[in-house]
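First chain A sits with chain B, and in the next complex the same chain sits with chain C.
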Partner chain A sequence: MKINPNIAINENGLLFNPSTGESFRVNPTGARVAELLKEERSLDVIISKIQEEYEVDRYTLEKDIADFIQLLKNNALIQNNE
Partner chain B sequence: MAKEKLTIAVSGLNNIDSPGPGVSVIRGLRQATSFDVRIIGFAYENLEPAIYIDQLIDATYHIPYPQAGTDVLLDKIKEIHAKEHLNMIIPNFDAELYSFMKLEEALDQIGIKMFLPDREKFEERHKVNLPKFGEKYNIKVPASKAITEAYELYELGDEFDFPYLIKGKWYDAYIAYTSEQAVNYFNKVSAKWGLPVVVQQFVHGTEYNVTGLGDGKGNTMAAVPMRKLYITDKGKAWAGISLDEPKLLELTDHFISQTKWKGGFELELMKTQEDEYHLLEINPRIPAWVYLAIGAGQNIPETLVNLAMGKEVKPYEDYKVGRIFIRYSWDMVIDREQFEQFSIKGVL
Partner chain C sequence: MEKKRYERPVIKRLETGVPAKFGRPQKPEIMSDIDGVSVESLVNQFGSPLYVYSEKQIRDKYRKAYKAFSTRYPKVQFAWSYKTNYLGAICNVFHQEGSWAEVVSGFEYDKARALGVEGSKIIFNGPDKSVEDLEKAIKNDSPIHIDHLDELYTLIELSGKAGKKPSVAIRINMDTGIYPRWDRFGFNYENGQAWDALNKIMHSGKLELIGLHTHIGTFMLSTEAYRVAAIKMADLARGLKDKFNHKIKYIDMGGGFATANTLKGSYLPGDDITPSIEDFAEAITSALVNAHFSTDELPVLVLESGRALIDEAGYMIGTVLANKRLATGQRATIADIGVNLLFTSFWYEHKVKPAQEVTQFTEPSKIYGPLCMNIDIMRDNIELPLLNKGDRFVVHHTGAYNNTQWLQFITLRPNVVMIDENGQPHLIREKESLEDIKKLEQIPEHLRNFEL
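Up next is the complex of A and B:
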């Protein structure tokens, strides 16, 4: 799974989709997840990285990241599972 | 070496809330790096705002409406030409294009160039003929039908379902959800723009636009896709952003290579939830939002002039993605004498 390669992520947490012209504001955690997706990290790696960086239990994190990824998919920001 | 100075006449000076393309075209010409310009405005109405904008137009002339006939228009252009020595005319109104196409040869003979689609292409892309156009060039278009009587709205057939659009021959479009609304809009639109009126199946989705330029030999000289970010109650873009969407550029290349389109144009497309683009309309002239394309790196008016002048022109291959245009309105205060001079003498 990876974020569409042309998506621009700026330092203020804005995701810009240049093929639709849409912009999305995400919080710092969302921006970090998006960055990791752009680096083509696997879901397991992303979860581990975020767990290292934030104080959160794994169950909550997995659920939140799954929700976030679904949001990205709904907005055509992410390519489907490969 | 001094740059060549061209005298170019431009219409579409009605810079109102549904603006004509004239001001954007002129700004592009003024920013051209390959020539200098003297701009002559062609205005139909005394209060077209661009007539009075400082340092935009060098001289504006009143020209007759298309209904007056092409002979009257030609006489007027000859009269202006005698004073101004025009090199080129860029007509920007849908409703006037046909008259200018008819005059293409006559104008060429007196040394005035234009760069317009040929009459056959102009007719076949007309919204009245869009289904045939889609079939001929293998482009997805929504079901549409040209009608001349209101009762035909009750006999549209299975292709149409509510809501659908009632469109004027030249401008205006209304969404009808019931037959009563459809009849009402039919009467409104036909009273304003004449017959036929076009019924077009409404396609749900997000609207995208492309402005571009074809060289008449099948080559895309320029193309910039845009999505409207802010839309007025008339459906006009008040802000928009340039996009990187390869599918839109492919579709544009296909349109140009298949039709051998000559001149500027705007494609209006709807992207459905299935990610398919449906072509809603082809406007056979540069759109008012062309200044976004210029700001993104493709000066379409400049290239159009160079093509008309027979110069060798390289196609644009790139533009800046994510450039945003935002329109604004600006009140001018002018002296009554300026208005009177244009109203009475037809020149300012």
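Up next is the complex of A and C:
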């Protein structure tokens, strides 16, 4: 799983996809997960990184990240070749 | 390092184009306490879900309504509509403020008596009054509002037996220019039914006609309809004076004033379109004042407002049980408040506020109740902040009808508390237990045992 490498995320939660010209808004956790995906981190690493920073249990996080990845797919932000 | 409050990750595509008519969306409002008592402490003490009433807000609302009418008309009497909320503590707040009782069944009548309301201050409305109910009401001098001719004849008969003239009013229905027109209760003004009933009462000599009653509809957003109704009621009262030289004591304009709740399908939110209580008062009182009653025949104006006095003083606290995404991609939040407890969610889009800090991020969501029933939907589509499992929220304007129309269905009914004027919560109805339910059931001998 790989997020489109061209996308830009700024600190205000604005996410831009240059290949389609679409802009998105992400909340702070969403931005963090997107950044980590861009760095090509594994799901396990992403989960433990977020857990270091936020007060959340593993089950909730696993479920929410899976849902978020689905949202990224729906918006064509994740490359489908994998 | 202290960890940050977690919020699930979300992404939303930015739509460019024309901004919405109402401008940018606002940051979600948070409600972490009710009358200074924190939501968390209420849940810790009384559990979730929980009904919460503010005594202060009930009294404020009543006084505001009373002032709106009494500053415009010299003789005003409110009668608390029991069917809207007949929890004893709620009724007693209204009785302490000076409200009479307005009941629509033998059960409600007995409840008012048990709370200590004098018979002569219990207005007995409704289509279902048994002979025993009527005998009781006659004995206690309660004003009986006649709904149909069968009841009228029953009362004439009972009057003979009791050796006492029952005090009666008739309920009038009429065209006030609104839809739907309520014509199922009482006697019609336009087609002459009302005069027919009044003539029968006056000629019988067996009944004491003390008032005229109407209740034109419910959740009325038009003040004009009340003005029309008041004109027609005054016309009947003046007509009785002309024809029979009979003075009635009161005109009862019922209730039905809308509240700040938003009706389903309404384009604008309730707070923006609901007329104020002063608007309703102005419409009714100006019509009565302009009817030119002489000073000694000026009838008392009775009001049976229920919803408008209690709806906004009632809240429900709930808890998020789970979050999921539906097949359509829409977010769904499952809460512990279902339609069994929040019956009014069938017709209102109840305002829901989180009870803890949230960011400005929201998702279009459905809020489901906990029942294993497809119809259990609290909100069909709401921009909901990102609530986590276990988070609390507060539902607004739940005071009217929910504690009378609630169902013991799938789950048991929870605690109800009232916060007094000093910020002290009191349990006013205890949550039900399995024992309460079992107590009423009987299992025949041959069904007591089984083997599986």
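Just so we're on the same page, the second predicted complex is superposed on the first by the 79 of 82 C-alpha atoms of A that agree within 3 Å, B and C clash if a C-alpha of one lies under 4 Å from a C-alpha of the other, contacts with A are read in each partner's own complex, and residues count from 1 in each chain.
To be clear about the criterion, a contact is a pair of C-beta atoms (placed from the backbone, for glycine too) under 8 Å apart; a residue touches a chain by one contact, two chains touch by 3 or more.
Just so it is clear, the structure is predicted and the values come from calculations on it, not from any experiment.
**Student:** Quick one: chain B and chain C on chain A, clash or fit?
**Tutor:** These partners fit in the superposed model.
**Student:** After lining up the shared chain so the two structures overlap, which partner does A:E53 touch, if you call chain B first and chain C second: first, second, both or neither?
**Tutor:** A:E53 contacts chain C only, not chain B.
**Student:** For A:N10 in the superposed arrangement: first (chain B), second (chain C), both or neither?
**Tutor:** neither
**Student:** Return first, second, both or neither, reflecting whether A:S42 touches chain B, chain C, both chains, or no partner chain.
**Tutor:** neither
**Student:** With both complexes superposed on chain A, which partner does A:P18 reach: first (chain B), second (chain C), both or neither?
**Tutor:** first
**Student:** Touch check for A:N27: first (chain B), second (chain C), both, or neither?
**Tutor:** So A:N27 only meets chain C here.
**Student:** Where does A:L72 make contact in the superposed view: on chain B (first), on chain C (second), on both, or on neither?
**Tutor:** A:L72 contacts chain C only, not chain B.
**Student:** Check whether chain B or chain C contacts more residues of chain A in the superposed model.
**Tutor:** Ranking chain B and chain C by residues of chain A touched puts C first.
**Student:** Using only C-alpha atoms, work out how near chain B sits to chain C after the chain A superposition, in angstrom.
**Tutor:** Superposed on chain A, the two chains' closest C-alpha atoms are separated by 5 Å.
**Student:** Taking the touch rule as given, give the residues of chain B at its contact with chain A in the complex, in rising order.
**Tutor:** The contact residues of chain B facing chain A are 206, 226-227, 229, 240-241, 243-247, 321-322.
**Student:** Using the touch definition up top, name the residues of chain A that touch chain B in the complex.
**Tutor:** Going through chain A, the ones touching chain B are 6, 8, 16, 18-21.
**Student:** Going by the contact rule at the top, pick out the chain C residues touching chain A in the complex.
**Tutor:** These residues of chain C touch chain A: 3-14, 325, 329, 359, 361, 386, 388-389.
**Student:** Under the stated contact criterion, what part of chain A meets chain C in this complex?
**Tutor:** Contacts found on chain A: 15, 22-30, 32-34, 52-56, 60-61, 64-65, 67-68, 70-72, 74-75, 77.
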